[in-house]
Amino acid sequence: MIEMRLSGSGGQGLILAGIILAEAALLDGKMAIQSQSYGPEARGGASKSEVIISEKAIHYPKVTKPNLVLAMTQEAVDKYSKDLPADGILMIDTTFVKKVPDHLKNVYHLPITEKVTAELGKALFANIVALGAIVATTKAVSVESITTAILHRVPKGTEDINKRALELGIALVAK
Amino acid sequence: MAIKTIGKHCKGCGVCVTFCPKQVLGLDALGKITVVDETKCITCKQCEMRCPDYAIFVEKK
Amino acid sequence: MAKVLLLQGNQACAEGAIAAGVTFFAGYPITPSTEIAEIMAKRLPEVGGKFIQMEDEIAGIGAIVGASLTGKKVLTATSGPGFSLKQEFIGYATIAEVPIVIANVQRVGPSTGQPTAPAQGDMMQARWGTHGDHPVIALTPASVPECFTLTIKAYELSEKYRMPVLLMLDEIIGHMREKIEIPDYDTIEKPVRKGPRVGPSEFKAYEPDSDGVPPMADFGTGYRYHVTGLVHDETGFPNGSPAATEKLLKRLHEKVERDIDKITMYEEYKLDDAEIAIVTYGGTARSAYAAIDMAREEGIKVGMFRLISVWPFPEKEIAQLAQKVKVIVVPELNYGQMVGEVKKAVEGKVPVKPMSKYDSEPISPKELLEFVKNL
Amino acid sequence: MEKLIEKYYRPRLPHIWCPGCGNGIVTSSIIKAIDKLGLDQDKTVIVSGIGCSSRASGYLNFDTVHSLHGRALPVATGIKLADPELNVIVITGDGDGTAIGGNHFIHTARRNINLTVILFNNNIYGMTGGQYSPLTPTDSKATTAPYGTLERAFDIAELAKAAGATYVARGTAFHANMLVDVIAKGISHDGFSLIEAVTQCPIYFGRQNKKGDASAMLKTQRDNAVTVEAAKKLSPEQLEGKFKIGVLHQSEAPEYTKQYQAIIDRAQKGAK
Amino acid sequence: MAKVLLLQGNQACAEGAIAAGVTFFAGYPITPSTEIAEIMAKRLPEVGGKFIQMEDEIAGIGAIVGASLTGKKVLTATSGPGFSLKQEFIGYATIAEVPIVIANVQRVGPSTGQPTAPAQGDMMQARWGTHGDHPVIALTPASVPECFTLTIKAYELSEKYRMPVLLMLDEIIGHMREKIEIPDYDTIEKPVRKGPRVGPSEFKAYEPDSDGVPPMADFGTGYRYHVTGLVHDETGFPNGSPAATEKLLKRLHEKVERDIDKITMYEEYKLDDAEIAIVTYGGTARSAYAAIDMAREEGIKVGMFRLISVWPFPEKEIAQLAQKVKVIVVPELNYGQMVGEVKKAVEGKVPVKPMSKYDSEPISPKELLEFVKNL
Amino acid sequence: MEKLIEKYYRPRLPHIWCPGCGNGIVTSSIIKAIDKLGLDQDKTVIVSGIGCSSRASGYLNFDTVHSLHGRALPVATGIKLADPELNVIVITGDGDGTAIGGNHFIHTARRNINLTVILFNNNIYGMTGGQYSPLTPTDSKATTAPYGTLERAFDIAELAKAAGATYVARGTAFHANMLVDVIAKGISHDGFSLIEAVTQCPIYFGRQNKKGDASAMLKTQRDNAVTVEAAKKLSPEQLEGKFKIGVLHQSEAPEYTKQYQAIIDRAQKGAK
Amino acid sequence: MAIKTIGKHCKGCGVCVTFCPKQVLGLDALGKITVVDETKCITCKQCEMRCPDYAIFVEKK
Amino acid sequence: MIEMRLSGSGGQGLILAGIILAEAALLDGKMAIQSQSYGPEARGGASKSEVIISEKAIHYPKVTKPNLVLAMTQEAVDKYSKDLPADGILMIDTTFVKKVPDHLKNVYHLPITEKVTAELGKALFANIVALGAIVATTKAVSVESITTAILHRVPKGTEDINKRALELGIALVAK
């Protein structure tokens, strides 16, 4: 069982990213649950999308011991990485996150938004870049399935650019 | 004259940038308000009036 | 052909309705139920049905009452504040015996409370929310697939007993996405309404069969009958005599009481040898499965009695449960609601411990495990 | 008339209304309009709210709904949208339709769904014993206005028009034949129609306001009503204290259930 | 000077409100409560107060919530259908802690039911009618004089605990006329609202005193605070954190629970040596007095525990009662409502027998006597 | 402006509204109007319903009520009638004020009680994520109208007028100065005043209907609004697709709380 | 010509009496409709149209 | 304890009559309870007003064993005299009541409405006439108190005619 939390601010597409991740897991023949939380105040505020992937039935739908936290804003790091164990993975977008908790060992500093804006001209695909990085790091789902899942969910005509975003993400951690 | 911006309030909507008649304003990499060229400002206060987030104030000196 | 999908509970509820043959939805948006309306808005025209967003929740339930009279299967969906507003009409549909289904995706707190966080605080309101005496059927799914199947079940019950059926979701179940295998809708048996067996001239609109339920004619088919919220007799016309009053109100209750065994649905999870029973429902049951598995690993004999139909309350089954176990724990996302019913059924036979959480977070398996350990 | 009663009324007479109450006259005007148009009795539905007037549904031999106070319109909307083949007629009172039911009134008008609403305006809450309604004239006595009402009454025809109604008419219990006529036109109109039927409640509105008996109140209707045509020739001074009867407003707009059918057609073609 | 009058229960309720210092009434007419509105319409201007008939019941309760914020004592009155409509606002007044009093004169049945006949079918709705968790205080007068005194008491409780208080009348009590001795209103102590003890700059609108109740400032006096139905913290501003949520909801309940002994009111009638206890309330208690007197003449040892405050339910007292008697009978004009609470409290110690009547007639003393004899 | 913020806003900024949302502009216009009129801050109450716009009450430093969805007006009525000395301003949305709250809207207008209502019209339900409202233009997309809306929007100004409002105005977030002006006039008006403030929801209404970003939507307001004065000189064709801003209607009628005081005076004299 | 009255339906409101142009109708001691002089009837049907209780019907022969 | 039921149709003023009777009892220093019942259908239909007068506290407010039933219409006799014991008093207005149950011994046939219309010109005061008859028959309250109670409740300017109606009633049974 792998528990992941994708966090950031309202507009960054992380709920969609969580859904895609969970769908990819289903394509891999696994079980998956996705859930999210946001306040009425979450317009622009911190929000999170959680995904649990397992070979067996998943009972409790919320992440209790995250294996990975993706944080796309500073507020998200502060709010949602607290329960990450010392050996858990923290993945941050260095574009927005400047400070990370000291005790963590596995911190991936990734210039996600910066990079995607530079390479693809739009910050819009940052969530897909993040997915690439997550999949490459955790192998939670296969690259094939995540690709299929992404293509299934994104608007027609944006397939190519989304694929490039995914590759960009994979490349980010490969480095 | 002084343009005061409050980064904490700014949500980067770009409204002030659009309606500034003198291209005084811009957004930075993080999408926050930034003053590009204060000298061009004519203190018309369009930005102040239109900012939905009370993140920019202009004072005539 | 069956499909495997990742769906939200709310989506599965909407799809369940379509699968059951629903062709009419009227409602008013409210978090955390809005997805149900949004999906129905998209899906109903595709299947030849109608969606209408009304001016408020009262109008929403009013419109489905009307549509149901024409023979359609109907749905409305809401959350706490809207559920409160719909209460008067729930009473109307009960006494006028109009089959309708209402999904209430619960949020936190009285009033506006906390719209986006989970709670199970409307369970007693589901039973007692409208004025006057009335029977209630309410179901609580604990998974996305169950949102689908229980929605279909809700129509079966609603049509069979000619009454409102409540789907009591919570935000956990309504908003989580999980795997669901959706069968081809053509393979699903659609609940059927019992129509008149006599012609219009002999038809008495509220004359019950032996099951206590009167056959129901669709408007526009020549039966020309009267529907009222006043106390009435078999003819359907107002009759306030003591005899008619008692007869009507008694029948409304008895048609449900008589079939309580058929209506009651529950799941027993690792209860066989259990010394501790967790009685719970909906999203909280998810914590219970996990906590029980953890406890069992530590050798603690705990199991779950999961309420699926919460109303009518399975008093008999809970009384039996009290014969078998040493203590009953009732975790709920509220200040203690169903625990009162459990207590009533248990009649002091074993201790009944409430585990109430009402801080807008779900009960974690670990919390529940600790609670059980500290009994 | 006797034949109409046999055909269109249920064998439940005498009705519960008080001596001289205008509800019986307005109700028979509806029946006459239905008969005149030859509506299929099996395809006509009458929906009412709660109030003296709303009891009319129980006497009429159609599919009928006596719904909740103020809620006839949502129920009627559900019926009509679910089965657009049905003729749906709504009976409501001034309290039922414009106090507690005011929101449904303006929204149903706005949607222009093909319902015909007959609002029995007796300027009072009859059923509950004489409280003021939104159509009670200013300075009237009512049990809840022992010092006289302060509020201005709605001009319900103007309100309906502003809300989007595409047919608005007014008649009176006195002008029963004309009432039949404007109701029939409303039923024929393809869209939301409102017919305000001015009627008398001698027991509560009449007594509290010293309006005399039923006959006197009918005469007042006679004397104060001016047809739309006649009103055109009168000066504002001459119209002071008078009210207009006849068809007050009629316009064209797409009808809701027809539009919805178009959406279904599109959706089923897979179009979006 | 005290006056002896023949008044209806509804009238006595209205006069009690005036005596308690009520200066604002907003409502919507509905049988069998309308007399309360009608009297307030006449009486309030005489004492400088205001009456307004609103467009519906929701607006009625909304207006009294607003008026209460200006420091006025306020009343609305209704019956079942209107009570159902007011539920959402009852939750609002509870979470926003706005003192209001609502009289519900119960009628028969769900929906329109039977407007002019007696029932006690909204007792559980009084407790659970609104969504979410919330405490409730509800009182049930059993005589015309008690309508007067309990109405005054309702204001005492409502102001003290900053919450809605429900006066649950039934048609028997609301419409019967009996003798009442009305004291000079100047001699009646008017319930007082606890105002702020600090200046506006230090004032936190929802910071409770040790009794769990925050002092309340009147609008327009410079305290400038925020009132919301969202979950909020001591400042009164929205705060949906788990800690704030739990704190608020817990405090709302505990301010009542803490004082439950002070709030609880009941009457014991010939209970001392009783073997059979009748637990009842409101109009039905009138039958019980008579039946008990008759039974006593036949040597049957029966007495009554009359609930005056029904909510919070006097669990402890009923549990004690179960120690003393052999059987408990609960006559009610409904399908069985408060009897469930009695059962819960009794925990199987003695048999609890419902005596439900729901045919629109009161229970006659003779019927009750027969029931007791056939136990 | 900075000083106004300090004086009239609570220290709770930034607010929750989305980037580019017009609510911040409309809210500051209200504050400017209040400041301009020099209202006593301690004697001014702001009441709102539920919705994005209705969150404004929480930011403003007065006695404020964030009531229930659709119910701001009854609460405001209670406050004003109980204490007529208070200035009572109501903040509501198009959904809050005209969908669920529509009945209170027409009745409060009818009573002509001295409240000032600012209706934030963003043509959508913002708070719940983009469902259509009674002010959504026909043929728009919304999450509950994937095939486009069928219904005609209310002309809320016309509706208010027909219901009895004695002051009706419209402004926009773009024309912020004028908005201040019409709000100030509304507050000064002794009776029920409605100010419709056209504003942008770029996130839900804008995105679903391809209206561009906040700046683009503000430009649309600029381009489609015509002042009442200018409109007089334009032909119906020229006005096609435009909407009027400024004071649309003003009339005289007795104010409710003043009338009520007269009743008290009479009752206390023992008159009847 | 025939005037038919239904005593069971009549509530004695007097409307028909008032509006009969020919004084054909009256109320009896119990306040019920009664035909005083049928011969004067001109079958104008005013009474039938105005009776709120469907208690009087006139037929032209 | 004396239990009385005043019944008739909606407009006959019997609720007021019951109230006056109960108020008169209070004036006599007794306890009294008045209650009524009517349906929403009682416009013109049968309605009843019940009065119980006693020296002691009265618990149950409804009449269970009537000592007297006044019936001003035939429907009222049929509906409300059923539980009258054989020795109870039935008082009928012969103007409207044509048939009375056989088993009753004490039936007062009084031409109430006829008489009042003839003597006072208006049926309106029939309820007061009935009160006179009831008081004269049962002595439930004193004539003094009933007079005071009537004058207290009737509109100004009608005192005299009401007093005459009362006397008429008393005379009706004196005969």
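We call the chains A, B, C, D, E, F, G and H, going by the order they appear; numbering starts again at 1 in every chain.
Everything below uses one rule, namely that contacts are C-beta pairs under 8 Å (C-beta built on N, C-alpha and C of every residue); 3 or more make two chains touch, one makes a residue touch a chain.
Listed by chain with UniProt protein names: A, C, D, E, F, H = 2-oxoglutarate synthase; B, G = 4Fe-4S binding protein.
In this text, all values refer to a predicted model and were calculated from it rather than measured experimentally.
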Required minimum of steps from chain A to chain G, each step between chains that touch
3
Ranked by contacting C-beta pairs, which pair of chains comes out on top?
C-E
Centre to centre, by mean C-alpha position, how many angstrom separate chain A and chain C?
36
Chain centre separation in whole Å, for chain H relative to chain F (CA means):
60
Distance between the centres, which are taken as Cα means, of chain H and chain A, whole angstrom
85
CA centroids of chain A and chain F: separation to the nearest Å works out as 41
Overlap residues in chain G, where contacts from two or more other chains coincide:
11
Of all residues in chain C, the ones touching two or more other chains:
31, 45, 55-56, 81, 88, 92, 111-112, 114, 117, 228-230, 238, 240
Among all residues of chain H, those touching at least two other chains are 39-41, 44
List of chain B residues in touch with chain F within their complex
4, 8-9, 11-15, 17-19, 48-55, 57
List the residues on chain A that touch chain C in their complex, please.
19, 22-23, 26, 31-40, 42, 58-62, 64
Chain F residues touching chain C - in the complex, by the definition given at the top:
50, 66, 68-70, 99-100, 102, 125, 127-129, 131-132, 134, 143-147
Which residues of chain E touch chain D in the complex?
28-31, 34, 37-38, 41-42, 45, 51, 53, 55-57, 81, 111-112
Listed in rising order, the residues of chain E that touch chain F in the complex are 23-24, 26, 45-46, 48-50, 52, 54-56, 58-72, 74, 88-89, 92, 219-230, 237-238
